[in-house]
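What follows is a pair of complexes built around chain A, which joins chain B in one and chain C in the other.
Up next, the complex of A and B:
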C-alpha cells in the first residue's frame, strides 16, 4: 500500500523533500568543514539563480543588473553591522529593504524598456552604483570595508544562514509561481500584448516580480558578504555575479525551478576544480557553457523535461 | 435589441496619415456584426482602438452606456471586451489548459479553484479538451485559433472582437470557425467579426459593416450590403 502511494506520487515528493531537508540540516554533523563550505556556496548561488530565473525565465525580464542588489545587500551588512554595530540579521534584512526601495524607484524608468534594452538599462544602473560607491566617502571609497562583525560566525553558522536563505528563495519562487501571479508572469513572458487583453496589468505584474527578486537578492548579498567578510565596490557591483548566475541558470535550465539548483551545484563544483587553472579558468567555463548550450539548448532540466516529461518542482497547473 | 457598444466618430492619425477618418456604428446585444473592407481600410486599427491598444485622436466609445474611450486594455477586458488576434498569440510555453485558466482567473476575476471547472467547460466547447496538457506552442493553426477564441471567452466577454479568425485556414476549417462563432453567439456574447472570407462570414452575421479609406460606408443586413452599389464600387472599382 505504501509503495503504491509512493509510486503514485501522493507522498513521494513531500517525502523526498523531507529526506533532502534532513540531509541538509544534519550535514555539518556527518561531513567535513570543506563539504559544508561548498554546500554553503551552492545554497547561496542557488538562491541567486532562483531570483534571476524568476525574472528572466518566468517573467521574461532579462536583467544584467542584479548585482546592484547584491552590492546594496553587502554594503548594508558592512555599514550597519560594522560601522553602526547593529545586529547582523537586522543588517541583512535592511539590505533587502534598501534593495526593494531602490528597485521601486528605478522601476518606472527601467520598465519603459524591454528585451535587450531592459538588460542593458539594468546593467547601467548597477555600473552607476559601482561608480557612486567607489567615490563615496561614507563607504570608504574604493578601499572597501572589512566586515569585522562577520568574524563571530564559523563555517557551520554561515552554512545554516545560507540554508535558510536558499530554502526561503526556492520557497518564495515556488509559492509565487503557484499563485495567481505565476500565471500572469508566464503569460506576460510568452506574449505581453495578449496577456494584457486578458486583464493582466503588466506594470503591476512586472513590479511585483522585480521587487520580490530585488529584496531577496539584497538578503542573499548580505549572506554572501557575511561569508566573504570584506566588501569592495568593484567586487560587490561586479557584472561577474550576473555572469555566474546566467551560466548556472542557462546550464541548469531556464524557466524551470530545478535549473538553478542543478546549475549552482555544477557551477560551484566546477569552479573548485578550475582553481587549478587560474589563467584559463574563465575560458574553460565559457567553452563548457557553449558546449552544453549546443548539446542541450534548453539546459539540463529543460532537455530532460522535453525528453522524459520529468518535473520535480513544477509550477504547472494540472487538469482536475 | 439593447445597444451594447456605440462607436461615435472614431478617428486616428499617425503623423499626417489619417488612418481612420470617421467610424460610426452600433452593436446590439447578442448580435454578430461582420466588418468587411479592402486591405488598408482600417479594420484592425479600429479593433485595436476598441481594445485600447491604440488611443483615438477623436471620437468616443460607449460600452453599456459608459464612456470607455480612456480606459486601459485590462480595464476594458474586465468590463467585458474580449479579442482575438489576426495572427494567434498563444502563451506558447504554457499548456492549453493554463492558457484558458489565465483568461478565467484574470478576465473573469474568479479564484483559481473556481476557474478550473470553467476552463474545462470552455475547452469542451472549443473542442480542445483532448489537448489540455499540450503546450500551446505545439498546436496547429486551427487549434491556435480555437484557443484564441476560448481564451477570450474565458474572460466572460459581453463583446468579442474577432480579427480574421478564418484567415489562413482551409475551407473545411473555416466551416469549423463558423461553428465556433455560432457557439460564441449562443453564449449570449455579441461579436464584431472582421473577415476576408466573406462567403463564410455572411452565413454567421446578423449585420455587415463596410469600411473603406478609414470611413464606414454602409451598414445593414448582409444581403443588402453585399448587393449595394458601394460594395461593388469598392471591391471591383466600377459600377457593373
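Up next, the complex of A and C:
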C-alpha cells in the first residue's frame, strides 16, 4: 500500500512548494533575527548535504574530502574580495570556478580509486590543501584572514544569499535527477554493473556529478565564510565540515532528496541545543550518528519510505 | 641527505606498526577502520595516565594499556561493527567514523588541547652520533619493535589455527563458515589483535613525538598511506609502505624545508594511489 503524500491531484505539489517558497522569501518580515540566522545556517548546510548526497547517495562516491572545496571557496572570497577588492559575488563565483578547476585536475587520479580508496584519497587531498595553505605566504600562512568586505552585510542579506544558494543547490540536484543523467545515476546507485551493461558511461556520469558538487561546494564555502567573516586554514579545510555533512545525510536518509533537508534542520537545531554542553557536543553527535546507523541504516527518510512508501520530493516520473 | 634517508627508514618501521592493525582489519573484514588513528592516540593517553597517576613503571603501563585496548576492541567489534557489517561497507565505515569523532572529542574534553609526550629514557639518547650521521635510540627502538611485531604477526598468521582461520575468513567467508570457523568471532579476535598493535604503536608514537587529542587524524592518514602503498592486507607490504612513506616525508622535508615534510608524504601517497590504485605490492585487483 503506497501512500502518496502531497500529491493528491496535479496541483497539490506545486502549490505546496509555492507556499514554502513564499514563507522562506518573506521570513525576515514576520520573524526575529534569531530565526532568520538559524534558517540561514539550515539552508547552507542543506545545500552542502544535497551536494554530498549527490555524490555519495547517487554516484557512489563516498567522499571524506568535500572540505577541500569549502576551503577553496572561502579563501577565494577572502583573497579576491579583501586583497584585490573584487565584487563579493564575483569572488564567490570565482571560488566555485577554482573548485571546479581543482576538481577537474585531481579527478583523473582520484577516479582511479574506488570505494574506501576514494573516500580516503579525497581526504588526503583536503589535508594536503590544509598543509599547503598553512605554509602559503599569499594567504598569510596559518594566521587567517579577516574578511572585512563581508561586514557590509547584515543577517537579512546573508539569509537571502543563503536562500539563493540553498534553493539553487536543491534545484540543481532535482533537475539533474529528473534528466537523463539522473536516470543513469539512479541506475548506477542501484546496480552499477547492470547500469554499465546498459550503456551508461560510469566514468563520465560520475565525473559530471563530482564537478557539479565541487563547483557548488565552492560557492557554498564562499557563502559560509561570508557569514563567518574570518578564515583559518585549519577551520576552512577541517574534516568537521565532512563530519557535519555526513551526519546530516545519514540521519536524513542517504540517496533521497528529502534526506539532506531533514538532516540539515535536525543538525542545526541539535547543534543549537548542544551549545549548552560545550565540549561534549561533538561526542553526543558521534554517539547519535552511531545509534542511528545501528537502528536505521537508511536514515529517517529511507526507513519511512521502506515502511510506508512516502516520498515527498520524488525524482521519479509518475506514469499516468 | 644520508641522515634523512636513515631516519626515514627507521621512521618507516614505526609507521608500519601504525598501519598494520588497519591492514589486518581491512584484510579480513574489508573494513576501513576510520577510528584507527584515534584508538591509537587513546592508547597513548591511557599509557600516559597510568604512568603519571598509577605507577611510574612504563612497562606495567604498556601492559595495562594493551589489556584496555583489547577489551575496547572486543566491545567495538562485537557491539558496533559486527552488527552493521552485513549491511554493506558504508554503514560500517560510518560507524567507525562516529567512533573516531567520539574518541577525539572525548580526549579533548578530558585532557585538554595541550601537547603531551610520554617521558622515557631513550628519547634523548643517540646510538650513533657522528658529524654526518646520528641515530636516535628511540627511532631505532621503534624500528626494531616494528620488525618484531610484523614478524610475530606473520608467524601467527601462517602457523597457528587462529591465523589460518583469519586467512580463511578473508579468502572466502562462506567457505570458512562451512568449515566450522565462527567468522564473527574471528572478526572480533582480529580486531583485538589490531588493538594490540595499535596500543604498541600508540606508546611508541607518544614516546617519540608530542601528541594532541586531534593527532589521530594525522596517524590515520599515515596508517592508510602505509596500507595503501603496501597493498591492503599484506603484512610485508606494510613494512615496505611504512619505509616508502617515512623516506618520502623526511627526504621531502630535507629538500623543501621541514614545513613541507607531511605534505611531501601526502603527495607521494596520492601519486602512488593514482598510478597503482591497489598498492605497490598487491597481487592483481582486490576489491
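One rule holds for everything that comes next: the second predicted complex is superposed on the first by the 308 of 320 C-alpha atoms of A that agree within 3 Å, B and C clash if a C-alpha of one lies under 4 Å from a C-alpha of the other, contacts with A are read in each partner's own complex, and residues count from 1 in each chain.
Simple rule for what comes next: a residue touches a chain if its C-beta (ideal position, glycine included) is under 8 Å from a C-beta of that chain, and two chains touch if they have at least 3 such contacts.
Predicted, not measured: the structure shown is a model, and the values here were computed from it.
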Partner chain(s) touched by A:239 [first = chain B, second = chain C, both, neither]: second
First (chain B), second (chain C), both or neither touched by A:198: first
Chain B versus chain C as contact partner of A:255, first or second or both or neither: first
First, second, both or neither for A:187, with chain B first and chain C second: first
Residue contacts on chain A - larger count, chain B or chain C: C
Contacts of A:108 with chain B and chain C, given as first, second, both or neither: second
Common ground on chain A, meaning residues reached by chain C in one complex and by chain B in the other: none
Footprint of chain A on chain B - complex, ascending: 51, 53, 73-74, 77-78, 82-83, 85, 89-95, 97-99, 101-103, 105-107, 109, 112, 116, 120, 132-133, 151-152, 154-155
Of chain A, residues touching chain C in the complex: 56, 62, 108-110, 112-117, 119-121, 123-125, 127-128, 131-132, 135, 239, 243, 246, 250, 254, 279-280, 282-283, 285-287, 289-290, 293-294, 297
Touching residues on chain C, where the partner in the complex is chain A: 26, 32, 80, 83-84, 87, 89-91, 93-95, 97-102, 105-106, 108-109, 217, 221, 224-225, 228, 259-260, 262-263, 266-267, 269-271, 273-274, 277, 287
In the complex with chain B, residue positions of chain A that touch it: 180, 183-184, 186-187, 189-191, 193-201, 255, 316-320
